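Here chain A shows up in two complexes: once beside chain B, once beside chain C.
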Partner chain A sequence: MEYLATVAILIALYVILAASYNLVIGYGGLATVAHPIFFAIGAYTAGLLAIHTDLPPVLNVLLGAVAAMAASVTLAASSLRVSGDYLLIASLGFQLGLLQLIRNLELTGGPGGLSNIPSTIVGAARTPIFLAITIGLAIASVLAIRAIVQGPYGRAITAMRDEELAFTALGRNAMTMKIVIFAIGCGIAGVAGGIYAYYFQYISPDQFEVLQSAQILTMVVLGGMGTAYGPVVGALLLLAIPQAITFLHLPPSIMAPTQGIIFTTLVLIFLFVRPAGIMGVDSSKVRS
Partner chain B sequence: MTEVLRVERLNKRFGGIVVSDNVDLTIARGEILGLIGPNGAGKTSLFNLISGVLRPDSGRIFLNGEPIDRSKLFRRARMGIARTWQHMLLFRTMTVIDNLLVAPRAYPGESILRVTFGLGAVRAADRQARDRAMAILTRMGLEHTAESMVTDLPFGQQKLIGLARTLMNDGPLLLLDEPMAGVEGAAYETIKTVVREEAASGRAVCVVEHNVSFIRDLCSRAVFMANGKILQDGTVEELISSSVLTELYFGV
Partner chain C sequence: MLQIRGLKVAYGHIQALHGIDLDAKAGEITAIIGSNGAGKTSTLMAISGLAPITGGEIKFEGQTISAIPAHAITRLGITHILEGRQLFADQSVEDNLILGGYSRIGKDKAAVMAAVEREMDRFPILRQRRKQQAGTLSGGEQQMLAMSRGLMSEPKFLLMDEPSMGLAPLIVQEIARTIRMLKDSGRAILLVEQMAAVALGLADRAYVLESGKVTITGTGAELARDPEVKRAYLGG
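And then the complex of A and B:
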């Protein structure tokens, strides 16, 4: 049960990551590969604060989110001023550079990572409590993002993504909106990072590699980019399938490649059969 | 006459191509100014310079006496420069009404803080904007298209929606970039009526148009541009009978 609960916690955390990445890339149209590093900033900030201070855990997680937000604003404000395309390049540099820094600083534990993060909640109820917290946060994130992309703000986001020049020439401040969307998405990833650090009590640079963004992006695309519940379905599917395969008790030499084959096959099938994702609506079939 | 727009010695070049060569221009309240000239004359570039899409190399632009040339594109729109686009640039995944609803000079829905902490006021502004949008669509005979996707409408109606969206900005200056290109029949008459009404309400209107009869019907004054220069500024009749125009424009 403990094992299944841990898997469920991981799925909930990835729902948060996929939903927030979807806000940035799917709704905001902001191309970035730096999502793992904002997850890391949240995790390391909360972890370091937990080790070195007596601040309450909730505050530490929040400060982790604030740190991720602040970093994201710096990145977006500097690169978006040049052009939208620069965000992609700048985010790659930011992701690689900052992770390298984390890997080399003594404060962050270097390549060995940060261990001995205090347990905070002890006893038999620990895992169920974390499960409840992460599922609650996952639901809250998905609903909050859904609220953002509906209504007057969502209308502005859609218009900006459709035709930015016309949108700006109507008096809309597209730059500020992009920075805000980016900051919200990265802040939410920071929250997930803080919870991750508290639950696993150990974080290392290898968990926040740039390839993570490919995994999160796959979740978003499979589930349906630019849909409210797509990332939930995507995260569930992509994390549950490998776990399900483990129960087949295949030898490790077959296991590892099987997972890769299944992922790749899924992506290919979706690209051909359902490019808008599971929850997405095929735009060629829409007719009002 | 009250001057709404004043452009002074405006210069802009892209490498060797001069799109604005010492342009001086004024447009008054209630006036409909025609801006004509061959392709590549710099008409749309002049619109881009006035509205803030492009930054001039030198020169000044004043709106109601206030210098605006250092202001950004979105600020100039809020100050009341409304413009259309040759290629419409409609928000293509949105309905007609939503296209119009994001277009008022003030749209509190673009602020996450206001949407989070003052949703009531944002919704109230939205309802007001909806009433104005429906009134504009009704003027154009398009109220029945409000809930349609813009891409489902025929070209002529999309053109009207582009104009309708621009009219959500009720500022003092209206810049229309080829409103008639590709438009015929009923839409043609509608656009003419709407442009007249907007000028009559006190706005300064500038129209880039190749359709000479449209210019003749609507404008009292017209400006002829070529190679980024204003070659002639006078009444439409003067301009049409001018040899400069016939030579450069009609190639006769």
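And then the complex of A and C:
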């Protein structure tokens, strides 16, 4: 049961990551690969504050989110001045550079990472409590993002993404809107990071590699980019199915490649059968 | 109403406008004609803040606007209806209109909806298409929507870029009628058109742009009679 609960917590955290990435890339149209580093900033900030201060855990997680947000504004405000393509390149540099910094600083524990993050909740109820918190947060972030993109602000976000020139010509500031969307998305990733640090009590640079972006992006695309519930379905499917085969008790040498094959096969199937994702509407069919 | 003096626009090393002078008066239609790449669109983009100005000055109602960012220009009462219409294709006709009147959303939703109704009175076809995706409209309907969307903010000064683009002759006549109607309601219009005959027929004053310079200027009727203009732009 403990194992299942941990998998469920992980899935819920990835729902938060995928949903926030979807806000940035799917709705905002902002190409970035730096989502793992904002997850990391949230995790390291909360982790370090937990180790070195007596601040309440909720505040530490929030400060992690604020740190991720502040970092994201720095990245977006500087690179978006040039162009949207530049954000992609700058985000790659940001992700690689900052992770390298984390890997080499004494404060962050170097390549070995941060261990001994205090367990704030102890006892038999620890896992169920974390499970409730993460699922609650996952639901809250998905609904909050849905509220943003389906309200009047969402209409403007879509307009900005699809026709930026016309959007500006109608008197709106596309730049400010992009920075705000980016900051919200990255701040939410920071919250997920804080919870991650508190639950696992151990974080290391390897958990926040740039390849994580590909995994989260796959969840978003497979579930349905630019849809409210797509990332939920994507995260569930891509984490639950590979986890399920661990119950087959295969030797590790077969297990790892099998999980990779399942992951890739799923992506290929969806590419052909449902290119807009599970929750997405195939616009080529609607238009004809 | 609008004075342009020595306006220069450059994209990197490519100079699009080599210092042009242009005046647009209140209540008048001013037309710019010229071939592809002459700098017509760049002129409009410079006014609305969407093109990089490298020299000269633009004044609107006495105020220098050359340094004001694009999103703030609209608030002065200038709206730019872009070439190719640039509708929000996946959103409904109604949403496109609402987005055009954004500066009031949040402050006064009722006023925005009243403006939507006003625009649908102007173009009744838009009311019929209200919930339809803008991308599914016909070319003429799309142009009407683009104009309506621009009019949502009730501009004093309208920049129109190639409203006839890709439309059937009959529809072009209808668009021309609408432009005249907008003028009669007291708006100043700066019109860029490749269809010189249509533009000169509408214009109180017209400018011919060639390779980023103003070469001929006069009233619409004068230009329509000008042998050089006739030869180069009116096919005779």
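Operating definition for what follows: the second predicted complex is superposed on the first by the 286 of 288 C-alpha atoms of A that agree within 3 Å, B and C clash if a C-alpha of one lies under 4 Å from a C-alpha of the other, contacts with A are read in each partner's own complex, and residues count from 1 in each chain.
Just so it is clear, a residue touches a chain if its C-beta (ideal position, glycine included) is under 8 Å from a C-beta of that chain, and two chains touch if they have at least 3 such contacts.
All values derive from a computational prediction rather than experimental measurement.
In the three-chain model built by superposing on chain A, chain B clashes with chain C. In the superposition on chain A, contact is made by A:184 with chain B only, not with chain C. In the overlay built on the shared chain, the residue A:151 is in contact with chain B alone; chain C does not reach it. Judged by the touch definition given at the top, the superposed model places A:162 against both chain B and chain C. In the superposition on chain A, contact of A:171 is made with both chain B and chain C. Of the two partner chains, neither chain B nor chain C is touched by A:252. Of the two partners chain B and chain C, more chain A residues are in touch with B. By the document's definition of touching, neither partner reaches A:123: not chain B, not chain C. On chain A, the surface touched by chain B in one complex and the surface touched by chain C in the other have residues 152, 155-156, 158-159, 162-163, 165-174, 287 in common. Considering their complex, residues 48, 50, 69-75, 79-82, 86-91, 95, 98-100, 102-103, 105-106, 135-136, 149-150, 153 of chain C touch chain A. Those residues of chain A whose C-beta lies close enough to touch chain B in the complex are 148, 151-153, 155-156, 158-159, 162-163, 165-174, 176-177, 180, 184, 286-288. For chain A in complex with chain C, the residues that touch the partner chain are 152, 155-156, 158-159, 162-163, 165-174, 283, 287.
Touching chain A in their complex are the following residues of chain B: 51-53, 73-75, 77-78, 83, 85, 89-95, 98-99, 101-110, 112, 115, 119, 122-123, 126, 147-149, 152, 165, 168-169.
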